[in-house]
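Each chain gets a letter, A, B and C, in the order it is written, and its residues are counted from 1.
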Amino acid sequence: MMLRAAPILIGVALVSVALAGQWMIGGGASLEGRGGAREVRADAEGDAAVIARTAPRVSAGLVDYHGVEAGVSCMTCHSTREPDRANGLGGALPKTFHQGLAFAHAGMSCLSCHHADDYDSLRLADGRKLAFRDSQQLCAQCHGPQTRDYLNGSHGGMTGYWDKSRGGRVRNACIDCHDPHAPAYPALIPVFAPRDAAARQQAEREQRHHRHE
Amino acid sequence: MSRRTALKALGATLGAAAFAQAIAPLTEWAADMSVDEYLQKHYKELSPVDLAMVIARLEQRTKEETGVEVHIGDYRPQPGVKFGYALNLSICVGCRRCAQACHVENNHDRPSGNSYIRVLEMQKGSMDLAKGRVNYSGPVPNPEKFYLPVQCQQCDKPPCVSVCPVEATWKETDGIVVVDYNWCIGCRYCEAACPYHARRFNWKKPEIPAAEINPDQGYLSNRIRPQGVMEKCTFCLHRTRQGKLPACLEACPTGARVFGNLLDPESEIRWVLKNKRVFVLKEDVGTQPSFFYFFDE
Amino acid sequence: MNKAALRKQATSYRRFLWQAARDATEGSAWFYAWMILLTALALVGLHAWAVQMRDGLAVTGMNDHVSWGLYIANFTFMVGLAAGGVMMVIPAYLYHDHEMHDLTIVGELLAVAAIVMCICFVVVDMGRPERFWHMFPFVGRFNFPVSMLTWDVIVLNGYLALNLHICGYLLYKRFLGERPNPRWYVPFVYLSIFWAISIHTVTAFLYSGLGGRPLWNTALLAPRFLVTAFIAGPAFIIVVLFVLRRLGGVPVARRPLEILVNVVRVTLLINLLMVVSELFTELYGGGARTASGHYLFFGLNGANALVPWIWTAVGMGVVSAVMFLRPGVVAHPVWLTVACALAFTGIWIEKGMGLIVPAFIPSSLHEIVEYFPSLVEWQVSAGIWAWGLLILTVALKIALPILREPHPEREKASHTVEAAPRADAKST
């Protein structure tokens, strides 16, 4: 038993050392806002699958013995510090651990959604804890119409079966497309530009038109 | 023999030689065709045995020409199912991934970039198609615009079906308008009749690199089409008749597309029809589409 | 009928065909030059079509936006020509005008040639013409009566059969030296007159029934088709008559010519009225439904490929209408020929490039894709025209003796336009 646990312990120790080192030289580890492992599980109806996430982990930029990216939980640091309840979004957040995050979510503060007593959990509006894997419930508190549409299959991408008696489906969760810290849907570069006569001629005409102007 | 007769004979010989030269390309064209193929009956008149032979021939042909093992299924409509499609224009971002997925799924001609879906970038505040354009570039969505993907509307009163002189296209019980590629004569009357630009003609033999051929094919849907016949969107019947979602829906990153059984009151498509204010394109032409559009806000 | 009589008839019919073949291949040097030219053009067209069959219709200028082009444009015009040729016979039978009877044969031979061209233009437009048997009843699936195209197939082929019967019967009787029995052709002539109207009405319905193509979706289309048929048919016949008089020594009576001229005179004006009506409706109303009309006459968003075509057609229509108004125009063959050529070409543009193509521009999703016929399309089209003219030339050549025959009424008539010297009297 000890023998099998040994590599893990060694791994954790190494990561801690590495993190501490980075902390000291000020390089900072990056916190992926949508981090955490993906897992597939059945939704409330039990006939479709949704992807949920466990609590995010701070990446050390290293891999462990098993080749898995090494990370530490939020509580590793936050258990040693008092939460700054007055902090607004993005204001004076320690840049080191939370870099790479954009903040644009209706002026909410970190602790609107993150639980001050348990940083490995989320916080519902009434103060109750919520596991990261249930983050959809957090979104649903404010985004009722979207949640309603989502539950009725008319919001959010999916793959699989329309006929639920013949197969399940995999659905995106809110945070697959919407960064919870800046949820506006990102702009995309469209793919597969048409290249038939219509597109060609339209481009030519527009070019002529611009030249005239 | 008089001089005139000799001249006439010479003229006739030269004419015959010129005629043979003129029609030479026809012999190259005919070399591809077998008697069985030429005499093949209409899809609805093929017995299961006939159809199995036809499919075996087509699979064999693809194997010979491309080296790819494909499976062509004859997927029939399910009883109690009528397909409907709805598209949420508020969350479509115009990324054209649906059009691309269609291109890949349906074994479209690669050089022309064919797809059954055309995405129009529309001016906000107007439903005038004349203000739309197809060759927009990113980033999308442009805040001044909204995006309107258009594909076959699987009309309940399809003008394309009524105009076909040989019944090569018809509406199946699950609402999908299909084409028998081995029966179509290529007159393109249906293409003139369609108000949605939903039909495509095989102006030449489709070209697809062997590595890109989708081997999961349907006889009435995405099998590699012959030259000179019509084709169209079939709501991916080789997928949807097996309960799967169409390729364009799976490719949609925002979930703007809702697909399902109109006859099932519990289906998501029915929920949309009941709870959203939906509209159809060009309702005034009386085609009664099974494809609906709606806005959230 | 006993066996011997049957055999006799069969023999004489064979002799008739032999005679016809000889008539068709004998002639002056000019005749040979003309036939060789047409044959060469037809072969060029045939080759272009063979290439198109092998490589696909991608070699044309058509695409999924403009899916019908020069072929269907010519087809539409040819239906009009076929109908126009025979509708000219109406006055002859309605008013018992004996001099007009001679025109019957010219009109119907023209109809035969034009219908053959129609069928050719449809065949070359098809992606899979070898599957034509899919249309046959019993072995194929004929979508009658729902598809207007099936109606067109019936009326066009029926019309071809009718006219072949009438012409064939009259020519055969003449060969036998017998008087044609009116019982065997007059009812068919009446039928073919109504049939002529039907072929053009059905062809118009082919287009006007499509709700998704606003330019065609007008009740004026069928009347306009008929009116333009009454221009193109007689205009062509007038020119043919002049050619026959000059080269074939066929006397042209003044009265039939006057009737033809009067018909064209009136129909040219009616057609202009119809064009103006369409134009007004397009321009005054506006809206998306009129986009094709705007594109055709003025261009749309910088696309204006058809503008020169349509204004040329309108110009030709106006000029020929004015030329036809000249009093005593019948006595001025050159003037009249020019007027006919202008009217004919004007209608060809108006009903073809000016009607079929713009209905696709903008497309049903309002994309503007302009259409330019490819070289292959021009070659194939020219080939079919040459083939049609070849048929007409041969048919007229065979019919020449009948046309030259002095008509009892004609001899009495004092105002026969004096026949031009017979240019090829020796050779024919």
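Couple of notes before you dig in:
Heads up, the rule we're going with is that a residue touches a chain if its C-beta (ideal position, glycine included) is under 8 Å from a C-beta of that chain, and two chains touch if they have at least 3 such contacts.
None of the values given here were measured: they were computed from a predicted structure.
Core chain by CA centroid proximity to the global CA centroid: B. Distances between chain centres, each the mean of the C-alpha atoms, put A farthest from chain C. Looking at which two chains touch through the most C-beta pairs, you get B-C. The distance from the centre of chain A to the centre of chain C, each centre being the mean of the chain's C-alpha atoms, comes to 72 Å. The centroid of the Cα atoms in chain B and the matching centroid in chain C are 36 Å apart. Centres computed as Cα averages put chain A at a distance of 39 Å from chain B. Among the residues of chain B, those touching two or more other chains are numbered 118, 134. Contact of a single residue of chain A with at least two other chains is seen at positions 196, 198, 202. Across the assembly, chain C contributes 63-65, 363, 367 as residues in contact with two or more other chains. Contact residues of chain B toward chain A in the complex are 86, 88, 91, 93-97, 99-100, 103, 112-115, 118-119, 133-141, 240, 242-245, 249-250, 252-255, 258-261, 267-268, 271-272, 275-276, 296.
Contacts from chain B toward chain C in the complex involve residues 8, 11, 15, 18-19, 21-26, 28-29, 33, 38, 42, 118, 120, 128-130, 132, 134, 150, 159, 162-168, 183-189, 191-197, 199-205, 226-229, 282, 285-287.
The touching residues of chain A, when paired with chain C in their complex, are 196-198, 201-202, 205, 208-209.
Contacts from chain A toward chain B in the complex involve residues 145, 149-150, 152-163, 165-167, 169, 172, 177, 185, 187-196, 198-199, 202-203.
Residues 25, 36, 39, 43-44, 46-47, 50-51, 53-58, 60, 62-65, 67-68, 122, 125-132, 134-135, 140-143, 146-150, 153, 206, 210-213, 288, 291, 359-360, 362-367 of chain C are the ones touching chain B in the complex.
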